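The chains carry the letters A, B, C and D, assigned in the order they are written, with residues numbered from 1 in each.
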Amino acid sequence: MPFIDELTDKLHEECGVFGIYSYDSEIDIANASVFGLYALQHRGQESCGIYVSDRGVPVGVKRVGLVHEVFTKEALEILGTGQMAVGHVRYGTTGCNTSRNAQPMHVNHAKGSLVVAHNGNLTNAGELRDQFEMDGCIFHSTNDTEVIAYAITRQRIKSSTIEEAVCKAVDSLVGAYSLVMMSSTKMICCRDPLGFRPLVIGKIGEHGENVPPHAYVVCSETCALDSVGATFVRDVLPGEIVVIDKDGLRSIPHNVDKGRPKHMCIFEYIYFARPDSFMDGNSVHISRENAGKMLAMRYPVQADVVIGIPDSGMDAAVGYAKQSGIPYAIGMIKNRYIARTFIQPNQSDRTNGVRIKLNPVKHVVNGKRVIFVDDSIVRGTTVSRIVKILREAGATEVHAMSAAPPFRYPCYFGTDVDTRENLIANQHETYADIARAIGADSVGYLAVEDLPMLVRPKQGICHACFTGDYNVPIPEEPLLKSKFENKLPFDENQLRLEEK
Amino acid sequence: MPFIDELTDKLHEECGVFGIYSYDSEIDIANASVFGLYALQHRGQESCGIYVSDRGVPVGVKRVGLVHEVFTKEALEILGTGQMAVGHVRYGTTGCNTSRNAQPMHVNHAKGSLVVAHNGNLTNAGELRDQFEMDGCIFHSTNDTEVIAYAITRQRIKSSTIEEAVCKAVDSLVGAYSLVMMSSTKMICCRDPLGFRPLVIGKIGEHGENVPPHAYVVCSETCALDSVGATFVRDVLPGEIVVIDKDGLRSIPHNVDKGRPKHMCIFEYIYFARPDSFMDGNSVHISRENAGKMLAMRYPVQADVVIGIPDSGMDAAVGYAKQSGIPYAIGMIKNRYIARTFIQPNQSDRTNGVRIKLNPVKHVVNGKRVIFVDDSIVRGTTVSRIVKILREAGATEVHAMSAAPPFRYPCYFGTDVDTRENLIANQHETYADIARAIGADSVGYLAVEDLPMLVRPKQGICHACFTGDYNVPIPEEPLLKSKFENKLPFDENQLRLEEK
Amino acid sequence: MPFIDELTDKLHEECGVFGIYSYDSEIDIANASVFGLYALQHRGQESCGIYVSDRGVPVGVKRVGLVHEVFTKEALEILGTGQMAVGHVRYGTTGCNTSRNAQPMHVNHAKGSLVVAHNGNLTNAGELRDQFEMDGCIFHSTNDTEVIAYAITRQRIKSSTIEEAVCKAVDSLVGAYSLVMMSSTKMICCRDPLGFRPLVIGKIGEHGENVPPHAYVVCSETCALDSVGATFVRDVLPGEIVVIDKDGLRSIPHNVDKGRPKHMCIFEYIYFARPDSFMDGNSVHISRENAGKMLAMRYPVQADVVIGIPDSGMDAAVGYAKQSGIPYAIGMIKNRYIARTFIQPNQSDRTNGVRIKLNPVKHVVNGKRVIFVDDSIVRGTTVSRIVKILREAGATEVHAMSAAPPFRYPCYFGTDVDTRENLIANQHETYADIARAIGADSVGYLAVEDLPMLVRPKQGICHACFTGDYNVPIPEEPLLKSKFENKLPFDENQLRLEEK
Amino acid sequence: MPFIDELTDKLHEECGVFGIYSYDSEIDIANASVFGLYALQHRGQESCGIYVSDRGVPVGVKRVGLVHEVFTKEALEILGTGQMAVGHVRYGTTGCNTSRNAQPMHVNHAKGSLVVAHNGNLTNAGELRDQFEMDGCIFHSTNDTEVIAYAITRQRIKSSTIEEAVCKAVDSLVGAYSLVMMSSTKMICCRDPLGFRPLVIGKIGEHGENVPPHAYVVCSETCALDSVGATFVRDVLPGEIVVIDKDGLRSIPHNVDKGRPKHMCIFEYIYFARPDSFMDGNSVHISRENAGKMLAMRYPVQADVVIGIPDSGMDAAVGYAKQSGIPYAIGMIKNRYIARTFIQPNQSDRTNGVRIKLNPVKHVVNGKRVIFVDDSIVRGTTVSRIVKILREAGATEVHAMSAAPPFRYPCYFGTDVDTRENLIANQHETYADIARAIGADSVGYLAVEDLPMLVRPKQGICHACFTGDYNVPIPEEPLLKSKFENKLPFDENQLRLEEK
């Protein structure tokens, strides 16, 4: 039972990716990859892995666990040194959180080896898998990374270069994918044509024009660049394939179509990404602050104090306070000692008021009309609990503000939204009903039409989980994932053992 | 190497204590103790332990590790059930972080057994130890908890009750001590006559007058009461001895002198305690906000933004912003995945700008005059690094504010202040010199004379680390601790093994 | 560094397999599999694994470690219950001892899933792998079990039953293989046409004619039948395919040719198998005793005492003593606390006489002419050391007897013989030279022509490692294994992490 | 649940001790101590520990676990280097197997520190403990080592040297004790006046007369000398105190009385010690062989084969065979993969014939009249099981021989004999009754009057467990141990946690 989310009902991103290609033997790329993944840990806490390639030979360590648990001194000794490395952090959805699904995936094929780290979700993975299986392919895992590995390998046989194979392969993939991969000699990175998930390029050091820097870094968020002392170069473009090898970095604008609108997941801004990251030119923190300001304009409330729910509601709360003029305060404290697994509180009737993860600052809310801002409302259980806690601490009014619009639809691009029936926004007709359901005096949600204000200058975004506008073909129900799960319901659960 | 403090030079509190005495067999006291300690984890991350007493037989689990690491399902099975439990979290100073020193301490003596959990530090422990050793006593540990256990045991032989023995024993103790103890049938809690360290009483449920509640809880901070669903009753008074047994709770006002000023450690308010706790009637959060307001009055600076250094500088930053009218913003992000041990970044010249624990929100500080507020400045290494990071992120001016006065003196009451020479305040004559040394445009410290404003209504506080006014006899140099360390420099290092 | 073999230079078998199909829900098949593997532990100490199939869904636990280390209570909870289970113990050759190569292997294909446990070695694995890769197949591991899984899967698509697919697939396999496999509904077991490796059938309980027993068990050795309370039914025939499903057990005599001589590995009798097992009708213990008798006849030596080197030299020593009339004694003691990994003795000049694994009983050998019998001599390092130890203990003469002929050739069928140059028999021309090299007064080896005496009634045996007569096509040099290793020298070394 | 003894009902020795004092900095004393303890592992498998003293500062590692589990590379790094070291292996009796009771014990007192490793059992520990507690002493553990530490410490205050204190202290101790201790500068070893438990002196290297060797080693058995390359010097005499310091080794014949008979525990010869050890001039192996010969003379049986029960029945079986002329054979195989903890076989009615630890060699016993020799018969459960197994394997007659006399009385000197009622010899009047009870055709026990034949030249032995002749005052019932257990029934069970 993952304690980390015990009292929350947050959405889960599935992955963060990291790659480094070094031209400078002084740079310890295994060590750098560890700190890169540590900066991306918020994107996946279930398992993590790193492969280091030394003259074509990839050596890897991957396991269920947090980055600091998996990458001990011994693990670094195993990884050793090399020219390039690829890393991955992963959030496993229920029933699939196994070592078998840990990434990066390393496979061998007719022309060498391939290491793949993937962030996203294909909408045609099941279809491709069926097709490959009919040709006699066998699958060791349940994730679509293995589908991608097959798609590339099968093209590789018929292609003269790995780039060519990747170009052909991605044309068969539908959905969201930000990939960082290694062949024997090259690092290949790409982003799907709609740019659902972020992917940025950075560099360490500088050697002057036409000479590569000390190293290139490609990763999900800019905060990982900062963690290794790299400077931001640019975002990988939607549809672009970037190849890094001994001769430097070059771009293959394979599916880049500058006219086509992007579909960057708006929830990356609202919740997934770290506030110190910027994506496609936008500061995550500023986006969140703007969400708070929009909320204040749409839902002006008479109140004494605005508080944020740590951690991802803080930025929007500051924005709400600024816009409304109502004082901002720190009114809710989160226990910082996060554990992936922990015993459950064994609540008797006598002790059922336990406040383990979140506790109010009584003096801040007592006798006050309180507005609290959280990043989003999913099933409504967390928000109900917060309302109750605030009232017990003496708040005279409690107003709940969600920095995201109401969730109504499943996501097919790598976010684990709850089933439709469990989403509170699908259970009530009006916001007033929701407010009643969660016990608040009022409730406000960021308006879908305000979403574009979060990314400036204006860019295409994906807001399908709020609107149902997917813009790409999606699988018929039952979902892709369920299909896999029927095949492989529960497998190779080494993780629990390893966690001991 | 404790990664948790890798980039910080914070002071360390040594302990948190927790006790529960239950009258209701439905309350799982082992489970409750775990969540109580989890709420107190910020007071000690080195080792932790719980003893559960079932009809006089104490069973315990204690080990090096965080609460969630030590108290697995198996550990809870060992603890089993009982009527009362005592728990402890501990921060070990260098060279002493051994299982041998983990608490609570359980000993057997002529009249039964005694379990002791101690927060504080005796100033005459060395003297008592010498005296006991001359009578043939042997010591297994280097901590003063064993001295306290002997002091009580030796009185116990001559006393008819444990209360009587404790009363006699505490009269021989000098210094800071907040104790939660168990004899075979009673829980005994006490606080030194000057009240250096906090200790609060709570209760779970209510049965009406003259009947005990479902359980009593005694612990270091009110946040631990919240974590188990207990309501606050009152602080244990300085000099008071509280006895809880089958008949309920009764107070022995042994050394209580209402006229004598308290000496509550002011750094409990500034840094140690959780902001959602309140002590001796004061909200920790409000104290910190007040510290920020005082700073804004003493050091008005022309600036564009006020930011706080997470986590303990946030409250004071909000206070500074409120008082000054300069906008508050979230300008610095801390990696939330805290690890007690972790590999070190292996920095080459190429990657030495790594920002692993703290990273700025570039868009918040770029092109701005920035004031940042941290809880305190010890050696100055962290603060220098923050100044550098902010300038690199584009801050045009950087002003450093410390929510504590300058540290200049050692603490003898349980806080691990660095050696006098390492304290930056002892290395420079003026604040301008310090500002230059850390690279800031200016530096401000909370004034010693403003400290009383932090605790309202006015109460006695201990500010010896800033002023050298100890108010009680302190050991001659070399310090007590060094003396122990000469005797037992490094011992029984099971911890490293256990941490694997 | 595997301490277990620190002072020995033994050959290694690579695997033991175990399968159980139960008709009785009272039989805990996961538990039984654990004890079956525990009985087979001598066949592989590197990694082990079990898959339990419950109504078609296989759930598995596999890891680097000994059986008692991997199969904790938690692991058994994960395995749960089911109708059939397959288990495996494995000895990893250097550089390949990774979790990635742990067995059984579980894969998914177009028509369901397949779990494979394999003992043996294909001589055409490289060829098959190349062929499959050219069709776009990807390989996750370096072992030939994955090749077998592909061979079966690719036939499965075109076949109406799994039996049919297995029949077609095994026709493409060359070399040694004893397989225990599970499809969704059936257990399929087979042995290569030459019967290199053993495989036996047993049953638990009895229901009368034409009704299945409570369970069928198929495993490498009869000692594993004993460990689960099963009675021996018969050996699987070379070339036979055995199918066990809800209707009972049936035989497909696919490649069974009663006229063709078997090629059972003679070293199974001499060293690999447990003395309490019997194979193809022969008692391993009796075979070893016979080897000792043959030695006594070929190499009659005047001596005072015959001792055996524990554990696998004991049986032959008893045989030698019986035949020669020289008293048998227990003259060498082995430390029973076997560890897979352990620190190395840090020998200074002063302490280089350390006797950690083997120590002589001084009173037995002092002043005596000693004959010692060991199972075999590989590089000669162990035997040299034993000679030295016996002389230091006072033996006046030392005669070394090997219960196996001299090793001269590599094995392609699953035994890890050292490289040709390291084999002491390839370094000297005469036995007298070898005796001099190891410091013995004389040396004797079982004669190749006496090998048939070990298996009675007379049966075909494989003695290629002594004679170079392989009887099947073998790969050109460099060996198959080296070829794989060039591709995947060292990978995914989770094992070291997990062993902590 | 300790699997190691799952199917056996053996007696348990409680300890092995090891000490090394080096004059040669090239000798790695921590490493040597590990291998010394590894050789003594058979004397205790519950917990182990080593303290290394470097210029007076003892550093230790001790934990529940086998030697190879506790002493990893990291543990050796903690131990570091030094001049002397003391080690201990311990078998914990039920309810006391806690880290808290692990040895050596390290305490600090008025004049320095003391490290104590103890093998044996005091009969007046309870009395001494009461007396010390009445003076205000506190006890952390339940073992009598802490009592010894107090006894010495209390004398140390009044004595000018540690030797003087030890001399005075041992005069207050009654019972069995073989001690290896370290003060800041000296190693002090002693053996109780009756010599219940063994203790031997060895040396590494030689420097010529009047100059110390490279190192002295003092330990429980000579096999530990062999394991570190030391040569045997002599036994420590009963009542002798041996001091080793920078000036060499000197003897204090404090309680040595050459006329007084020794009381060496005869069960050391029969079961506890390793057969390659010799004690007080006697080879353990020869003693056991002699026991077998005595049995053959007392109980001549018409039979076809003599087999030994591994491991400790093997030597006596060889003796029985030699004396009787009946052929010796290897008829019973023991699984070599010993685990301290393991899951239990989950036996249904269908699988209750499981043979996990011991399995017969069917071809050896089938159709034969079998004599089997085991080291002893305690409760009779193991021997009954063996009889059953042999009959199932086809033995036509089964005769059970015990190399020890019948157990009838408790041991107060460090051996954990079962309660009187559980001993099979106390449940039946005649050997014929016992034979019937265990299902054997006949049963034979070594005669008490033959015991002296095991130690040659003739020496005093302790045979109280067979005869009830204790020769020293013993505690009134209830036993000492039970008394402790009432006080401290179950405590600080870190072991289970650490074992994970």
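The criterion applied here is as follows: contacts are C-beta pairs under 8 Å (C-beta built on N, C-alpha and C of every residue); 3 or more make two chains touch, one makes a residue touch a chain.
Since the structure is predicted, the reported quantities are computational estimates derived from the model, not experimental observations.
Relative to chain C, the chain whose mean Cα position lies farthest away is B.
Mean C-alpha position of chain A lies 59 Å from that of chain D. Mean C-alpha positions place chain A and chain B at a centre distance of 36 Å. Inter-chain spacing, taken between the CA centroids of chain A and chain C, is 47 Å.
Contact with two or more other chains is made by residues 72, 500 of chain D. Contact between chains, as defined at the top, is found for A-B, A-C, B-D, C-D.
By the touch criterion given at the top, residues 3, 24, 26-28, 31-32, 34-35, 38-39, 41-42, 45, 66-69, 71-73, 76, 204-205, 214-215, 223, 226-230, 274-276, 278, 283, 285-286, 311, 314-315, 318, 322, 327-330, 333, 335-339, 341-343, 345-356, 359-364 of chain A touch chain B in their complex. Per the touch definition, chain B reaches chain D in the complex via residues 57-63, 70, 72, 74-75, 78, 99, 106-110, 113-114, 130, 132-140, 149-150, 153-154, 157, 487-494, 496-498, 500.
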